[in-house]
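Should a chain be cited, it is by its letter among A, B, C, D and E, assigned in written order, with residues numbered from 1 in that chain.
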Amino acid sequence: MDFLLGGFVTAIQLLLTGDSETYSAVFATVRVSGYSMAASLALGVPGGFFLGHFDFRGKRQVRLVVDTLLALPTVLIGLLVYAFLSQRGPLGEWGLLFTLPGIAIGQTFLALPVVVALTATAVEAMDRHLRTTLITLGVSRTQLLLSILWEGRLGILAAAATAYGRVTTEVGVSMMVGGNIKWLTRTMTTAIALETNKGQFAMGVALGLVLMAIAFVVNFSVFFLRRR
Amino acid sequence: MKPPLYTIRSLVHAYDGGPPVLAIERLSVAAGSILGLVGPNGSGKSTLLKLLAFVEKPTRGEIRFKDRPAAPFSDAVRFQVTLLTQEPYLMRRSVHANVAYGLKLRGRSRDCRPQVAAALSLVGLAAERFADRKWYQLSGGEAQRVSLAARLALQPEALLLDEPTASVDAASAELIKAAVIRARDQWGTTLVIASHDRQWLYEICDDSLHLFRGRILESGADNLLFGPWQPGPSGFWHKPLAGGGVLRVPPPPDDQAVGVLDTRAVSLTAPGAASPQGLNTLDGVVSRLVLEKNTRRIVATISVGLLALTVKLDPERLQALHLYPGKAVRIHFAPQAVAWCDPA
Amino acid sequence: EKILMMATTTSTDDTGLLDYLAPEFQKDTGIVLRWVATGTGKALKLGENCDADVLLVHAPDAEEKFVAAGFGINRREIMYNDFVIIGPADDPAGIRGQGVGVALAAIKSKTAVFVSRGDKSGTHQKELELWQAAGLPIPDKEAWYVQTGQGMLATINLAAERNGYTMTDRGSYIKYEANLNGNPPLKILVEMDAVLLNQYSVIAVNPARCPKAQLELATAFSDWMAGERGQGLIGGFKLLEKQLFTPNAQ
Amino acid sequence: MKPPLYTIRSLVHAYDGGPPVLAIERLSVAAGSILGLVGPNGSGKSTLLKLLAFVEKPTRGEIRFKDRPAAPFSDAVRFQVTLLTQEPYLMRRSVHANVAYGLKLRGRSRDCRPQVAAALSLVGLAAERFADRKWYQLSGGEAQRVSLAARLALQPEALLLDEPTASVDAASAELIKAAVIRARDQWGTTLVIASHDRQWLYEICDDSLHLFRGRILESGADNLLFGPWQPGPSGFWHKPLAGGGVLRVPPPPDDQAVGVLDTRAVSLTAPGAASPQGLNTLDGVVSRLVLEKNTRRIVATISVGLLALTVKLDPERLQALHLYPGKAVRIHFAPQAVAWCDPA
Amino acid sequence: MDFLLGGFVTAIQLLLTGDSETYSAVFATVRVSGYSMAASLALGVPGGFFLGHFDFRGKRQVRLVVDTLLALPTVLIGLLVYAFLSQRGPLGEWGLLFTLPGIAIGQTFLALPVVVALTATAVEAMDRHLRTTLITLGVSRTQLLLSILWEGRLGILAAAATAYGRVTTEVGVSMMVGGNIKWLTRTMTTAIALETNKGQFAMGVALGLVLMAIAFVVNFSVFFLRRR
């Protein structure tokens, strides 16, 4: 029990004293989640829009697949990406194994189903008259997409926040593809896992709290989008 | 003469593989005209307007705009045509942002406040009181009028209005009438307007189109006669009416068929007047008299039990009959004047 | 049903040793053995928090501290295996057949990649000892010194990907060899140095601190492991025809 | 006499801390009566109906139902009162499920097919054609009528209708009229109905309430006179009219104030008739004549330029004046007959 | 690379031959995720409804907190729950450490923010006329809640699917609270982590695919709710 309080104190110390190990992991986490969120939003939001907005044969089946992919285990993604990026894998040449961009690739696969499924749900829930209204006002196809997304921004925001939570807390991909290399690819979550394995529970809690502090800052920075 | 703005050929529309709800063989809408669409619920008015706005693609057939084919999002119509939908939808923004939205799309974003205010005032809303309200801070009629203002602000070439006065008060309906006429006169806008308020509609339309079960009826088809019909003597079919009396019609295609009776075929006489042999003779009461502004003729509605029939009269004839609302009258028309709608 | 809860290191589980011993133990004593396999540090922590009855770990220094602090009693050495230094077959630092001290110095001076567990595990603590014994400063931020903070096999795999050296217990290496059908890219280069011994011990959790700790069962396990039956089974445990652990209970 | 169904005391309602949009000092609705609500957009009709339906809580004051206070979800009103909202909302279910929903809540779930079919037929929809449609497979007016059917099916004690005929065709409007009257006569339902279609409304209401800027106007207040007003000679204020002529009114509270003119204070004469000293004299044209069914009087709408004034006449007076739509007439009324609305 | 194909073949073998270790982990996963989904839906759906449906002061701030909790690292939850359930923790008496219900408690904390945030978003996106319509038809408060949830079931379904994905793929809580004890608390994800740690990549992939197969069955069983 006492390690909880200890963790809280340590978390504040780590942040205030500018502990270099911690900050190295913080930056790694921020960079990696930045990449993977950018990629998964760029691909997933249009994808989700398409899935939610248009009616086509087999739409429900596609949703079923996407929903199943929500349960893609991080370690499995880690293994798949590892298989491709390994020296002996087809993309070994790129030298992305044990690098932050490598992790970001794996996390993108992790976040993509979340963004697609939730964006599609948000778009689907929108009033069917919105589309007609926008077209009658003279939107182009792109403007239609942008305006519908803007009207449904609360849903997209929820999609992004959920995907961010998933990306930023995952361990499997970061371990497998990143290798948890100190000063290089050690992210907050792999650091937490390591400290916990070392039996340094207080340190694990401290790093966990730091991770939540980052999440708070990130969510706070898009707070204004919630205004109605 | 100017070429037609719209030309329609062999148009059929059905929703999601259902039965066809609209089938128009040919129709053209002259540039600068105001066309009224009337017809009962579900007759296809909104469907036709959505097709004319290129929001939906017809299942079969073609709609040409300025003699060119067009499709949703096509540049030829995007900024030229706009539709006020039947359920006015406001985006989750302020009234100002809603009205300004279309202007911004057209690149007129630089200070559109005055344009928005002008559009709002056309529908009787003061910009100071309304521009900054949120979309949900409006009454039903106010929301309807904001939607209309958002269309008027665009000064489009073709303005399609679906029930623009549905929940609008009488004073605003007059304002909207003025705005519509001004749009045509000042900007040369072509208008197609669907409305159940025939008095209001007939006061602005150059021409009107009667839709019934997805088909265009011949003009003058203000009276619809519903079955069920029973076979009767001498080749005619019958329907007994609520207040006594019987309607006689030519043999219908089926016993639920709907008959169309041209107003011009109906004549009014004083109650108790002798009825010419072979004509339908019905006794009713005048329930309203309305002036048709363009023609200066008077539209009389005659209640015959639950049936309401429309007759058009010259002022002279009306004076001769001493008609006033509440007065009993007798109606005559030939059974042969009833035509049958095509089954849908 | 008597259930004994054990916290242990990953190597005993990963190699399959426990899966091999537990049924025999149950057959002989009627006690069901359950274990949580984790880093030595966490295993000790679980003992400290009274969440296990017995520990099977391999970090003598930390173990002694654990006992000295009163968390555990009856520490008993059971078996050992040994550590080896492995590296790429072409051996860029030229350490094949060298002593440990020389080998480490060569790696450092050639700045060849060396992959460290970096997780305070028994293996990692041994590695730190070796750097110290060789009179070398413990590397940290040097580019050639990669700290994974992962388990042994993940670390070996990482070393293979990086074409680097690493230190491992022999059991894990044999397992690694088996995974790659006996033809791994990393080969044993340094072995059989006296300092490379890896001692495993059993410690019972102190019932004076943890009232629920089942000292009786823990002692039964400890006795069984140190006894003839347990020692014989440990000696007979093989993977790829190779013995993984050497029993050495006194 | 039966006790009133609703009694309202010192009611004030404002949305989300905004300005009050409804302020009613006292009002009671007799059980079994049909009360009409009229007034321009934003006058508070829908707000009043939502309060009467106990969907919203008033900001201040009290609404008593059968002399007991009630609140949203309270059992005293839950199954007794139902409201047809202005924007008819259908749940994402079939037409049948929508109409059956309220019945199921009342525990009448066992085979409600016949009840649903009966309710649908009251609004002119054939169950065979419509019951199994999805909520989005309906035209605007059909959806409106399904919503109404869902309320009629409940046979409530109090039925509140907000614009029940807004996008409904003329024939269906007649059907709805019949359904409303039947509800009152057969089930003893009390009805409060807001509508902009005054002809339709006046044909069924026992009484009507004029709302303006959230307040009740005295009855007979069919004519609203809008400013701006300018001070003029001899203590009166003026407004020049579009077609020539001037409106004279008593001093208004402010220059944008709205005046109310009782229809009974207006008299009609032949054009060119001598105008009594001190009265407003305006020349206009009869634009429509409508029979008020209950009273057998005739409601005449007179266009004076852009202004439309309503006058009620006996048939005798009408015949004496030989009125017909299109006929020129002269209007007189005393400036003192104009009363001022309280500022909102 | 070859372990991917090998994994696929192994996955099918494991399922068809009724491999007892695999099935033990499958049942553990199904039980644990069943408990935690039941608990998080029972708590989170009403909570999300409340948050989405009612207007109250500080609502946006609550959303910010919930969004931040989406980024609650599993290991941190694992540590917190461990702290309480450990013999020396306040709830040590309950004997829930290293049991499936113990894991389920931790996973409930993991899923709760997801269910709350996404349910709130779904309810918020619903037409504001629905509430009025339902009340005028005579619903009670409970029926109002149920009917709004039913109308918004696609959104709730997405919330549940996302939460399920999160629960079923997490490793941190299962490892820390469950202890990955064979035949007892070994779930699919801890088994995958173990196999991967042992370098048995093909087996890891195989188990990952089995996990996805479970997810497919679960999502398929609620497929009918997608009908419109």
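What to note about this one:
Simple rule for what comes next: a residue touches a chain if its C-beta (ideal position, glycine included) is under 8 Å from a C-beta of that chain, and two chains touch if they have at least 3 such contacts.
This is a predicted model, so every value here is computed, not measured.
With contact taken as defined at the outset, subunit A and subunit C are each touched by E.
Note on connectivity: the fewest steps through touching chains from subunit A to subunit D is 2. Seen from the Cα centre of subunit D, the chain whose own Cα centre is farthest off is C. Computed centre separation for the pair subunit B/subunit D is 23 angstrom, with centres defined by C-alpha atoms. Centre to centre, using the average C-alpha position, subunit C and subunit E are separated by 35 Å. For this pair, subunit D with subunit E, the centres built from the Cα atoms lie 53 Å apart. Separation between the centroids of subunit B and subunit E, computed from CA atoms only, is 55 Å. Under the contact definition stated at the top, the residues of subunit B that touch 2 or more other chains are 87. Residue positions 86, 127, 176, 193, 196, 201 of subunit A each touch two or more of the other chains.
Annotation for subunit C: residues touching 2 or more other chains are 38, 150, 154.
The list of touching chain pairs reads A-B, A-C, A-E, B-D, C-E, D-E.
Of all the residues in subunit C, the ones that touch subunit E in their complex are 5, 10, 13-14, 19, 34-38, 49-51, 150-151, 153-154, 156-157, 175-176, 179, 210, 212. Interface of subunit A with subunit B (complex): residues 127, 129-130, 132-133, 135-141, 143-144, 147, 151, 228. Residue ranges on subunit D touching subunit B, taken from their complex, read 15, 18, 39-42, 45-46, 86-87, 137-142, 145, 162-163, 166-174, 178, 196, 198-199, 224, 285-291, 296, 298, 306, 308, 315, 318-319, 322-327.
Those residues of subunit D lying in contact with subunit E across their complex are 50, 53-55, 72-73, 78-79, 81-85, 87, 89, 91-92, 101-102, 105-106, 134, 150-151, 154.
Those residues of subunit E that touch subunit C in the complex are listed here as 86-88, 92, 97-98, 175, 179-182, 184, 194, 196-200.
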